[in-house]
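Inspection log for the structure reproduced underneath, given as structure tokens.
Chain IDs A, B and C follow the sequence of writing; residue 1 opens each chain.
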Amino acid sequence: MAVITMTINDELVSGVEGQSLLSLIREQGIELPTLCHLEGLEARGGCRLCLVEMQSTQRLLPACTTTAQEGMSIQTHSERLVRYRRMILELLFAERNHVCAVCVMNGRCELQDEAAKIGMDHVRYDYLVPELPMDATHDKFAIDHNRCILCTRCVSVCDSVEGAHTWDVMGRGVNSRVITDLNQPWGSSRSCTSCGKCVQVCPTGALANKGSTVAEMVKRHDFLQWILDGREKKQWVMHNGGSEGRR
Amino acid sequence: MKRSDLQAMARRELDRQQATRCRLLCCASTPCLSSGAATVQQALEQAVTDNKLDAEVVVVSTGCMGPCSRGPMVTVQLAGQEDTYYENVTPESARQIVAEHVMANQPVADKIMPSDLPFFAKQHKIVLANSGVIDPERLEDYVARDGYAALAHALREMTPEEVCAEISKSGLRGRGGAGYPTGLKWDLVRKAPGEKKYVIANGDEGDPGAYMDRTLMESDPHRLLEGMAIAGYAVGAEQGFLYVRGEYPIAAKRLEKAIRTAERRGLLGSRVLESSFSFRIDIRIGAGAFVCGEETALMASIMGRRGQPTPRPPYPAQSGLWECPTLINNVETFGNIVPIIAHGADWFASVGTAKSKGSKIFALAGKVNTTGLIEVPMGITLREVIDDIGGGVADGFSFKAAQTGGPSGGCIPAEHLDTPMDYESLRALGAIMGSGGLIVMDNASCMPDVAKFFMEFCTDESCGKCVPCRVGTVQMHRILERITNGSAAPADLQILQDLCTMVQETSLCGLGQSAPNPVLSTLRFYREEYEAHIQRHECPAGVCKMTEAPTLELVEALPRRIRELGTIPMSLA
Amino acid sequence: MTTLATKRTGRKADKAEPAVSSKIRLATAWLGGCSGCHMSFLDLDEKLIDLAEVVDLVYSPIADVKEFPDHVDVTLVEGAVANVDHLELAEQIRQRSKLVVSFGDCAVTGNVTSLRNKFPLEDLLTKVYHEGPGAVPRGGEYDKIVPALIPRVLPLHQVIEVDAFIPGCPPDPERIWAAVSALLAGEPVVLPEKMRMFG
């Protein structure tokens, strides 16, 4: 694999051809927030928090969907970028009803974390206070649309890793909503395998295990890499009539 | 069908046309149809039959003639005479036209729209040359005006490289709004590695008040197909898609018919004009999403996915439909291909300015005396368009602004009326060429209110994928609402401006990136109007009702008012 | 960044400053909230003694003062703006304080107090009072005893200008101490990452 050299925050770094900017940036130990992207899922470029500044054109590009290229020079934390990231977080907090104090993910929520990291101590915009439902018809899980930030990690993991494609998005703009099947109650979904991957990748308290109450929900992302690795190494392929699985 | 068959068909049709003494052209485009053109055409046909004129007079339903606000339009073509345009034709005046003009050679004076009006004289019709002249549903009409000759010429005399070079040389730029050089794009797709390639015509025209593409598709569908086929030959594609806005049923119907006819005659499909080149065109109908006019969202829609944009790069020229190199151009861009191949790049480049060649179609709307669809040479001034072609603003009112480019565009004030209409000059004013929407506003319009209208449009049409566009447009709309209802605080103006720049610079696709333009451009030229709303709570144009008060003022006034009223004004928050 | 230092020199008070004490005049106010933030404030424990050395607590739910006084240096405001009394008090606080601090999530975001914003006021009052048991005052209308609710609960900074924010539900004593000591030292409130989390 060919090696490329580029500049991140005035430092020369090298990476592999075809590597995403985001992974190269993170390899340097630089923290870059991503609320829609999750390692192991297809990059989407929707939350716009991982935008970086191209030094040559001053244009902003999402690090998750941009490929690192020879000779590129970028800034990851310019004054403008930090200001915009804060504004985006404010927009997200104002969009739906994120009341951290009474959330299952209080203390472990990625949205809450990013706000604290960047120092977003209040929201300058109107709270939109939309009227949104919950769906607790599933045996094990529940979704609270009030806390959904429409990152669509659930849609992505359900489609590309579980292969069920139970989740999708309906509506548009600020009225978009993630749905199960053709907007049927989750509990009645015949495509849902109840695997729970969507719950684990959800960055906020929108998707949670039933029965967990304030600050009780713990999510694990590491399963994703575990499955993808196993799949790549064909660890679940049956040999000699028996399973040589990882377990 | 071979090239010689084509020529034979053209001759037969011309002979037939010359054999008729009189042709009555009746516009059958959406604007005229909506003002009663169908009954006018019936009346014309009935009058012809009643007067036993069937042998010498034909009634032809055509595409758009231009002055849409004066429709239904009828053109009388009498052998040996100049064409006569009739406006606001009713079934009664239609009978009158047949009885007096056709039979007695006495034109119906009070219904005539003089052909030497600047409305016609200042136009330069390249793309719309056939519009309003031919029957869009008859292949023979198109062929009689050299239809498909350019395709035949390209297939026989030119290599794909030469076609791309000719388009590059003409200086044609994308008519969808951004103005990317068309020849360059074609060449990129031609050179892109890949066995399968696609051509897409973007007919998902969505700007409020704009209908250039609809008119072209309704009035001259074969020109579009021929342009796409030439493109297919030039870039090496065998499949084309025509993405037609769902709200354009007549356009879709006529295109469908044109495709079937062309396929039957061997002008599309396998072995076009008996050459080794095959090209198929399929129609895809949009489902009412403005964002599907954005190329990556449009391609997602064609592939049957949710109409949402994806980040570029990769550009469609590298990886488009099903990851294959894809050429995507606006319908009007394709409308320019046939004349360029037919008359040559130099002929085309002789029209327009140094950097913007050819003509541009505009949908002239708003407060001018004549609205309609016009095609003007690039570089014409806004003043000529409004005062000469549009006949000026109505008496008693004065010009205030011209809005170009719809929800992605901006407003141009009176002091810039002499700006030439080309890509660069309009951009320098914070407006854009756009796809061709041109709305004229007089002093009865309130600019913050106009900005609010476009922002509301964007909040409705945002797909919801990226945060700045999805939520930012809603927040900007809220502030504009406060400004126009009197409840904005002075700080709101800065918050609005900051949101504008942020949404512009961080949104994923063109919709979000350009959504703040109407606000920024009105702030640039009409800032005092915003300030009047916020500081003095008055709307200088008298449009906004200003029924609310700022929260901070309410804070002082509210407890007192509640004690007085014994109830809460529900307007707070 | 607003600090006590800039505010002291920057803004002229309406009346002459009272010359009696050199101590900083601190106030705390309780709008629409559960008083949890004040409880957490009391959890400063022995630090309260240190605090008392340098401040005069001139107004607070834990001090029996009826009228919000003039010439306050710093006011910590707990709770969101939910009724007309809050509006009135917020306005007084702003006029009479040099620095106003949103104290806790309800003041900063509306938080739990604002959960009612999803329901029209009328429906809410009907559900809670009119359809509830017993004879109760009709809500919503101003009845000269119970302050009328405003249609939507607002975070403090949407009603008056706010100089600093202390998030948390409630902010723990460490956070409060970090913020208060910065304020008293005339420094801007910049809380470390772990101390600025909502919730």
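Note that in this section contacts are C-beta pairs under 8 Å (C-beta built on N, C-alpha and C of every residue); 3 or more make two chains touch, one makes a residue touch a chain.
Given the structure is predicted, the values throughout are model-derived calculations rather than measurements.
> When I count C-beta pairs in contact, which pair ends up with more: A-C or A-B?
Output for the comparison: A-B.
> Taking each chain's centre as the mean of its CA atoms, which one is most distant from chain C?
The chain farthest from chain C, judged by C-alpha centres, is B.
> Where the CA atoms of chain B average out and where those of chain C average out, how many Å apart are those spots?
Distance between chain centres: 56 Å.
> Averaging over Cα atoms per chain, report the distance between chain A and chain C in Å.
The separation of the two C-alpha centroids amounts to 36 Å.
> Nearest whole angstrom, what separates the Cα centre of chain A from the Cα centre of chain B?
39
> Of all the residues in chain A, which ones touch at least 2 other chains?
Each of 124, 126 in chain A touches at least two other chains.
> Two-or-more-chain contact residues of chain C, please, as numbers and ranges.
152, 158, in rising order.
> What residues on chain A touch chain B, complex-wise?
Chain A residues touching chain B: 44-48, 51, 60-62, 65-67, 83-84, 87-88, 91-92, 94-95, 124-126, 128, 149-150, 168-169, 171-176.
> In the complex formed with chain A, which residues of chain B make contact?
Checking each residue of chain B against chain A gives 289, 291, 306, 310-311, 313, 459-468, 470-475, 478, 495, 498-499, 502, 505-508.
> Looking at the complex, which residues from chain C come into contact with chain A?
Against chain A, chain C makes touches at 102, 105, 108-112, 114-115, 117-118, 152, 155, 157-158, 162, 165, 167, 169, 190-191, 193-194, 196-199.
> What residues of chain A sit close enough to touch chain C in their complex?
93, 97, 99-103, 106-107, 112-113, 115-117, 119, 121-124, 126-127, 129, 131, 215
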